[in-house]
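I am attaching a structure below and will ask some questions about it afterwards.
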């Protein structure tokens, strides 16, 4: 005990007094600097988000230069907008090829169409307006004079307009090889069909698996394998799921996924590269996520609830169905919606499974060829022309709005169910 | 803290003096009107029923309360004549000079050696490797742990038993050479034999350090302390200092009725 | 008839209850319950089937690939040229590109992700957390194809502006790598933050009690104590980066960066991140996105690449879980 050191024994090397104050001041200074660094690295995320959104918005709006193949002045003595219906029809009769005119007449007699629709046809078919240049929003706002000078020199006949690439037509137009006319209608419908199938497939199986693992599974080797396996599956790259889907759903199950098994012999169904294949592939992809979310929710249901139910003579399934599942539902639904929003944005598996990049017909069932929103974005982004970049940005806005809506629904649904159950 | 306030440590009778101290958590006042003078190189025990604010008082001595975001201290705590709560006082320096041992042993998940070297290293240790070895040994000897661990200094501090871990934590606190050591129910998580060892250790340490210990074990307070402060929760649920004096007097001849009730086991 | 039967049944039960309570504790086989349990087990087994499916599909097609006389497994693992058109099947250029993008991604994501995790766990007030955490969650929820767009229309022009258009090609590993880093930043931040938050408060108190500052407590006590969880987070991040497809498919290049070490400069070309280089995932996406006939060697080759990818990511995921289990400090 006598070996207790003397506190005053400063040979030890602990700084005292002045040295200590200097030391603490230095450490404080270092602390402040690093706190700034750490804060900065946290806010980088926010910065990136802002830049990302700004980039997308920047490309979605801006000036375009429109040039017409036929000068409107040569076909009418007044601006086109001021022409009456009858005058527009006359122009169409005079300028369109017989075949084209008859096709339009067959689709809907011209006399029955309104002025705006006729004007649109004149613009597209006769004047043949074409976007010859497009500029992003930042240049539009800060560099307009240069743009005007450039257009005046290169395209003297062109007219400069402001264009929002995201507009109602963009949502309702099908795919087109002309960016200005292209829309996301086909892709949006494809995404909706696919997600419908994904949910129908993955939700019951995912919840079923979670119930099995939480309520039935005992601690045996095969149940442990199932559990470990689910964790591993969640880490498998999505493109691998695409390859699985390609080999299994597209190829091996082709009679099923192409619909020939059900007597469908539509030649457009393109082997097994259908919505059904894509939906099932996506289903497998999000299955682990749904299972894990559902397991957590089921685990959170208090045991007393189960015991109360058993105490009243309920069977296991009655207990699960009437007590455990309702209690776990908010969490399960939230997890499902979040995983579905992941599936909506997934692109790689769809490329492998064989989403079509160019189709104009709406999908009409699980056995249709299809395209999807992210595929469309990928496809447009990969093209070198500026205008495809613009509509890719517009399609991203559509995709982000869809995802944002879904997430908002998830939050509201969870709150609604919680509130209703707590009454 | 920039000066010693004209009172040299050797002269002053008291290591810590509180003046009308109140501690709040948010709007809740946890303790009120604390006036307590802690004698140098003595063991002062803070006792009282749970929730009476004794730990809060202890933690206000080295500004550990500040780690709770809503906590706030009013009044003054003098250390070497300097108010610890002055705006120009750095809590890091306070804690460097007033060490602490916690209720549950909390060694870092590092080796025994590194557990002890941690404090000196962060506090600007200037000695050599040999000095550090020496300091580690001295600290471990001072906490009567050296013989048990001298052959396994590289092993994790978590590999020790609970009582050893707590002595490691005491050694760790000693290594930064504090003047005061605050102990917050250091034996509550330990078995009786380990408790006894810690108490013996406290007696040894008293030669050089001022020790303030919170305990809810009255036997411990009566056995192992020089002075005892008795706290009680008031009607507004704020803790107050009921009685403070030499331990023997407080236990044999309490001045306050409430103290008597408490030590005779009538409540609490 | 039915009416009569029910009446008689009622009278029977009435008679039974009037005389004595009939107890029948015999175990019943509830067919419904068994069917349900069977179905639920099937649901659990679907995940096993998925894994078996992946292994089988990748294995079978890879086997066909390696059994092809035009392919040798040694060449596959060692040759530095991948040109299916002339039957060159050396996976190294693809792996090289994958590792360059992944390493760049980790260089971006590890310091930023760990920094963000430390800030959120050790510094941020509840209010600031309430703002910054959702931002990271939003970032994590943005589809990768959008990040691909971001890489090609923002990051690449920025890099070309900084280092010159001659140095930085339009398609390059650096742009893709940086954006992948941004993509996995939220993942690393949130997993690391979980690890940091699970460090007991008592350790922080002990550190403060010894006169440590907040930074010293965070860096020298909390981070080392959570190290296993943090490293596991890094490994999961690497695995994500390696498997990431869309960003590299859009921004990294549309052809393997084949090289010949006897001619090509190692740092000027082979490891140069500013050169276009197709990764494993990018190659699979490009080849399968085109018209691919089954049973062609091209078709089989992407499965061989897929198998490689699967093995690498699986090993990394298993490693991360092993590290968490093996090196986690058990606190009371």
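Here the chain labels run A, B and C in written order, and each chain numbers its own residues starting at 1.
Methods note: contacts are C-beta pairs under 8 Å (C-beta built on N, C-alpha and C of every residue); 3 or more make two chains touch, one makes a residue touch a chain.
Predicted model only: the values in this text are computed from it and were never measured.
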Inset, instruction - Identify the chain pair joined by the greatest number of C-beta pairs in contact. - result: A-C
Inset, instruction - Give the label of the chain whose average Cα location is farthest from that of subunit C. - result: B
Legend entry - Between subunit C and subunit A, distance of the C-alpha-averaged centres to the nearest whole Å: 19
Legend entry - subunit A and subunit B: spacing of chain centres that average the CA atoms, whole Å: 58
Legend entry - subunit B and subunit C: spacing of chain centres that average the CA atoms, whole Å: 49
Legend entry - Residues of subunit C whose C-beta touches two or more other chains: 213, 216
Inset, instruction - Note the residues in subunit A that touch 2 or more other chains, in rising order. - result: 27-28
Legend entry - Shared interface positions of subunit B, touching two or more other chains: 92-93, 96, 122-123, 176
Inset, instruction - Can you check the complex and tell me which residues of subunit C touch subunit B? - result: 125, 200, 202-213, 216, 220-221, 224-225, 329-332
Inset, instruction - In the complex, go through subunit B and note every residue touching subunit A. - result: 2, 90, 92-93, 96, 120, 122-128, 131-132, 134-135, 138-139, 141-142, 144, 176-177, 179, 204-205, 207-209
Legend entry - Parts of subunit A lying in touch with subunit B, wherever the complex brings them together: 1, 3-7, 11-15, 19-21, 23-24, 26-28
Legend entry - List of subunit B residues in touch with subunit C within their complex: 62, 64, 67, 69, 92-93, 95-97, 99-100, 102, 104, 106-110, 118-119, 122-123, 158, 169, 172-173, 176
Inset, instruction - Quick one: which bits of subunit A touch subunit C in the complex? Just the residue numbers, please. - result: 27-28, 30-31, 34-35, 37-46, 48-49, 51-52, 55-56, 59, 204-209, 211-213, 216-217, 223, 225-226, 229-233, 235-244, 246-248, 251, 284, 287-288, 291, 315-317, 338, 341-342, 344-348, 351-352, 354, 357, 374, 377-378, 381-382, 389, 392-393, 396, 399-400, 403, 407
